[in-house]
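Chain lettering (A, B, C, D and E) follows the sequence in which the chains are written, and residue indices restart at 1 in each chain.
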Amino acid sequence: MLPELYNYWVVIVLMMIGFYIVIVQGNLIKKLIGLNIFQTSVFIFYISVGKVEGGSAPILAEGVSVYSNPLPHVLILTAIVVGIATMALALALVVRIKNAYGTVEEEELQERDLRC
Amino acid sequence: MLAGIYGLLSASFFVSMDAVDVAFTEAAVGAGVFPLLMLTALTVAGRYEQTVHRRPRAAFFLVLVTGALMIVGTLDMPAFGSLDAPAHTHVAARYIELSPTEIGIPNMVTSVLADYRAFDTLGEVVVVFTAVVGVLIMLTPGEQRQQPSPANAVETMRSHMILRVVSKMLIPLMLLFALYVQFHGEYGPGGGFQAGVIFAAAIILYAMLFGLVKAQAAIKPSILRLLAAFGVLLYGGVGVVSFLTGVNYLDYSRLATDPVVGRHIGIFSIELGVGITVAAAMILIFYAFAGYATGRAEAE
Amino acid sequence: MLADIVAVLSSACLLLGAFLIISGAVGVLRFPDFFTRMHAAGVTETLATTLILLGLMLLAGWSIMSFKLLLILLFILITSPVASHALTKAALHGKLQPLVDEKNER
Amino acid sequence: MLSHLPILQVIVPLLAAPACLLLDRARAAWLFACMASFISVVISGLLVFQVHQFGVLSYSLGGWDAPWGIEYRIDLLSAYVLLIVSGIGALMILAADTAIRIEIPSERQPLFYVLYLLCLAGLLGIVATGDIFNVFVFLEISSLATYALIAQGRDRRALWAAYQYLIVGTIGATFILIGIGFLYSLTGTLNMQDLANRLPALESSATAFTAFAFLMVGVCLKLALFPLHLWLPNAYAYAPSIVTAFLAATATKVAVYLLIRFHFSVFGVGFAASVLPLHSIFLVLGLVGVFVASLVAIQQPNVKRLFAYSSVAQIGYMIIGIGIGTVTGLQATLLHLFNHALMKGALFLALAAIVFRFGSADIRHFAGLGQRMPWTMAIIVIGGLSLIGVPGTVGFISKWYLILAAFERDWWPLIIAVLLGSLLAVIYIWRLIEVAYFREGEGESRGEAPLSLLIPTAILALANIYFGIDTRLPVYLSDSAAQMLFGGGP
Amino acid sequence: MLIACAVAILVVMVMAIIRALLGPTIYDRILAVNLFGTKTVLLIAVIGFLFGRPDFLDIALVYALINFISVVGVLRYFEYSHREEGGSL
């Protein structure tokens, strides 16, 4: 069982690292990096699902009979784009927050909110 | 900083998993766009380090539970790489078997992306479009529409003479390569999104080396806006045209007398739409960030 | 006969390239300060890359692949020294002194 | 053209958005957006009719049949939710022109409409599609638009609220993505119908269970179900009023729809019950949510925030309906979906009018409002009564069905709890009414809100009363939808 | 032969990561990342031959491009931030 699934488990560990960073980090930008890691590991998870033993890239070629599954690739292409779009928006928000509050630390933000 | 390496690393992983197209995208995004965005944001936000860990225990517990749940979930999954997993035998099998004859292009990822699941891809383009509108609405300077002063722009990297000269040679090459990726997507890895990103990267390189003002003079933001909207409309328009030919939305089969040729035309045009929107969107996002950064630096 | 020679040549290129990049990396890892590391990386990089890509080109034969490899090679040959140069210059501007006794933090 | 209705429903606002960007003048963009949203209302009305007439509509995009291509699948439930979302969307955009005039600088207004249309299209897309990955894509379209819209609030805390929502929302979406990944690796398909056919054979699989858990948690994050609701009050309180009104009336509804869809259509009613006591969890979370959120709402000085917490409480009621686990319970949930959209739409729009006059929705401004803005205040009273569940308003109908469902099961404590929850609503509504009618307002008397704002609000308020008396349409729709879901789909 | 080469490149990549983690200055890190990038290009090319799928070369090419742009971007950023610090001091 173990050698058959280790790939998934490595991905899960990575995923959880990202998730942990998102929750624990106080710095807004680092939080986003954590989020990125979290998302990317999900992508890897999908691609692992799509891998076929002995398969080759899903582009038609002579002499190749086993191809990897193209569907997860398509899904992940979409998901990557979604991820980067989210990042762009999030960073724009962070930039605005920095401008409005003068800090990108969660705790200081909350302090400054309480004061006013 | 390490994010860049991370992007590279995950991309090489994708390569080993045969996901050429995904690796291609991740190469462009993970190693290029993401760090660039991160850096421009950092320019504004400042590198301010502070390591405060709040309620780590509860978070750790939560993460542990989630991870454990996932591992439990994998226990019943088919073994990694096995041929007869349901994921490979049900829907995907048809894509692999029939797409070369049905769609007539060798790259199965492109045929699934641009034809079988074309609507997802439309959604993807709209997501990019949404992001760019969102970034614009947030970073468009309000009343004080300031021009970054030329002095500031010229100063950017003036010291790097060699860099500038060499880049000047490279940028046309990059643009050419982007076009190649755009139109070669049916045969090899690549397609509209990747091409758009490469194209945008070349322009961004120009903007970084020669200043935002010069870049904006060469490629005007207002035109980019038009193009971003135009790409989405082109994609959606192809769908509307297929309405008019009497078939379902995004069904390209009647765009020409021969369905396979029709599909070629359809895929070609939507990939073009994707490429245009993505390139315009990425450049616009970069402009917005960089413009905001310089604007702020001057205000201080 | 010719094929054999090509194969041997390409293997030799690949092996030499592999050796060179490892030595370069060891240099990057072991050398005491930034500028010496830069030296190790920059010098080995160009030759090693050339060798490896040359090896692959020999392997690929006369085809579009070779052309692409050539393109990559050209590209790396252009960008890598430029990047090194720019980096070093930036480091100098960033008040990083070469050849110091102790490492200078920024 | 009629056969293309399912896709037109989503495509019209989706393509109107980039076209709107090209206009670049606020007024023109507004008119265009109005047009697009009204067309989509008409389409959704036609869809309800068609579904009623011919049964489930299936539309294969790109001409590829179901498991290979993406399928749009409109059954009664989705037609019902589509009608709610597009109807509210159109009413809100009518009011938007006036409402955002003071809240958003003029050069950003065209972009605002673009985002609004995108958000609307995203929500409609989630409801119309029959493909789980497509759900994810459209979820992200609507979420991204929402983050940007929330950040447009004038208070800088709007930015912070939007950021928090972004983090939570992205985590939620990623969870859903993980769930989809597990499902895909298990079944090899992404089509909901196909999944529903294949899943029963795999019921005991731990992977299916995990997929279910991730989907549920992901949706509940979007839904702001009680312990995961922390992002909602901030987001609602600081967003521009019109955005709050739109989101409160639609976004959470769509999330509830997704919950029902995943729970009933994809996994089947029996699935959850066999592996974990999901219904009891829903019941407990719903009840705790109702009480905690109502108690917090009572103490809020900002009325927008007050109603935001009240939204969390109302979501609790909807979840209770699902938790009861009978046809009537589900019907109560579906009814409340409709009714809550009406009352929160009316309330938040009325608040938009108050914000338009006073610049904020602090309870201080309510002093003497009964005299100063009689119409607006009357609408708030109607909405408030509806929130409490007074007979003659829509709120009563949904509470009635909820109690009926509990009664069927002989769960007396639940009935008492629901009544107690309504009592809490009485307290926070009364607080408003007391301030507005029995306290003298200081300062000069100011006039009523502009008509362009008042009319849509009044329409919603009248709908509150109308559907509280003439209940045929929602009751019929929700009843047949609930039956269909329990019958395992037609 | 190819395998040996790929392994060597992998080893180098690991070393580059170690250098990037160790620092000590920011320029060391950039150098390491740059090194890592070029080695990735090589690795992808070699792997492409190893698997017999030359399509990978396109990715290597993209990498070469993007890596360069990234390094320029990083440099620009640090120069920029230096200037800002200098201005405020």
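Please note the rule applied: a residue touches a chain if its C-beta (ideal position, glycine included) is under 8 Å from a C-beta of that chain, and two chains touch if they have at least 3 such contacts.
Keep in mind it's a predicted model, so treat the numbers as computed, not measured.
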Count of contact steps on the shortest path from chain A to chain C: 2
Shortest walk length in steps over touching chains, chain D through to chain E: 2
Chain pair that, of all pairs, has the most C-beta pairs in contact: A-B
Chain A and chain E: spacing of chain centres that average the CA atoms, whole Å: 20
Centre-to-centre distance between chain D and chain A (centres being mean Cα positions), rounded to whole Å: 28
Centre-of-Cα separation between chain B and chain A, whole angstrom: 15
Shared interface positions of chain C, touching two or more other chains: 75, 79, 82, 86, 93
Touching two or more other chains - residue numbers and ranges from chain D: 133, 137, 140, 144, 147-148, 151, 178, 184-185, 190
Shared-contact residues (touching 2 or more other chains) in chain E: 26, 51, 53, 55-56, 58, 61, 65, 67-68, 72, 75, 79
Residues of chain C that touch chain E when the two form their complex: 10-11, 14-15, 17-19, 21-22, 24-26, 28-29, 34, 37-38, 41, 45, 49, 52-53, 55-56, 59-60, 65, 68-69, 71-72, 75-76, 79-80, 82-84, 86-87, 90-91, 93-94, 96, 103-106
Complex interface listing, chain A residues touching chain D: 19, 22, 28, 31, 35, 38-39, 42, 45-46, 49, 71-72, 75, 78-79, 82, 85-86, 89-90, 93-94, 96-97, 100-101, 109, 113
Chain B-facing residues of chain E, complex: 17, 20-21, 26, 29, 33, 36-37, 40, 43-44, 47, 51, 53, 55-56, 58-59, 61-63, 65-70, 72-77, 79-81, 83-84
Interfacial residue positions of chain B with respect to chain D in the complex: 69-70, 72-78, 85-92, 94-95, 115-120, 122-124, 126-127, 129-131, 133-138, 140, 142-143, 225-226, 228-230, 232-233, 236-237, 239-240, 243, 247-253
Chain D - residues contacting chain B, complex: 4, 7, 11, 14-15, 17-19, 21-22, 59-64, 67-70, 105, 107-108, 111-112, 114-115, 118, 121, 125, 133-134, 137-138, 140-141, 144-145, 147-148, 151-152, 178, 182, 184-190, 198, 205-211, 213-214
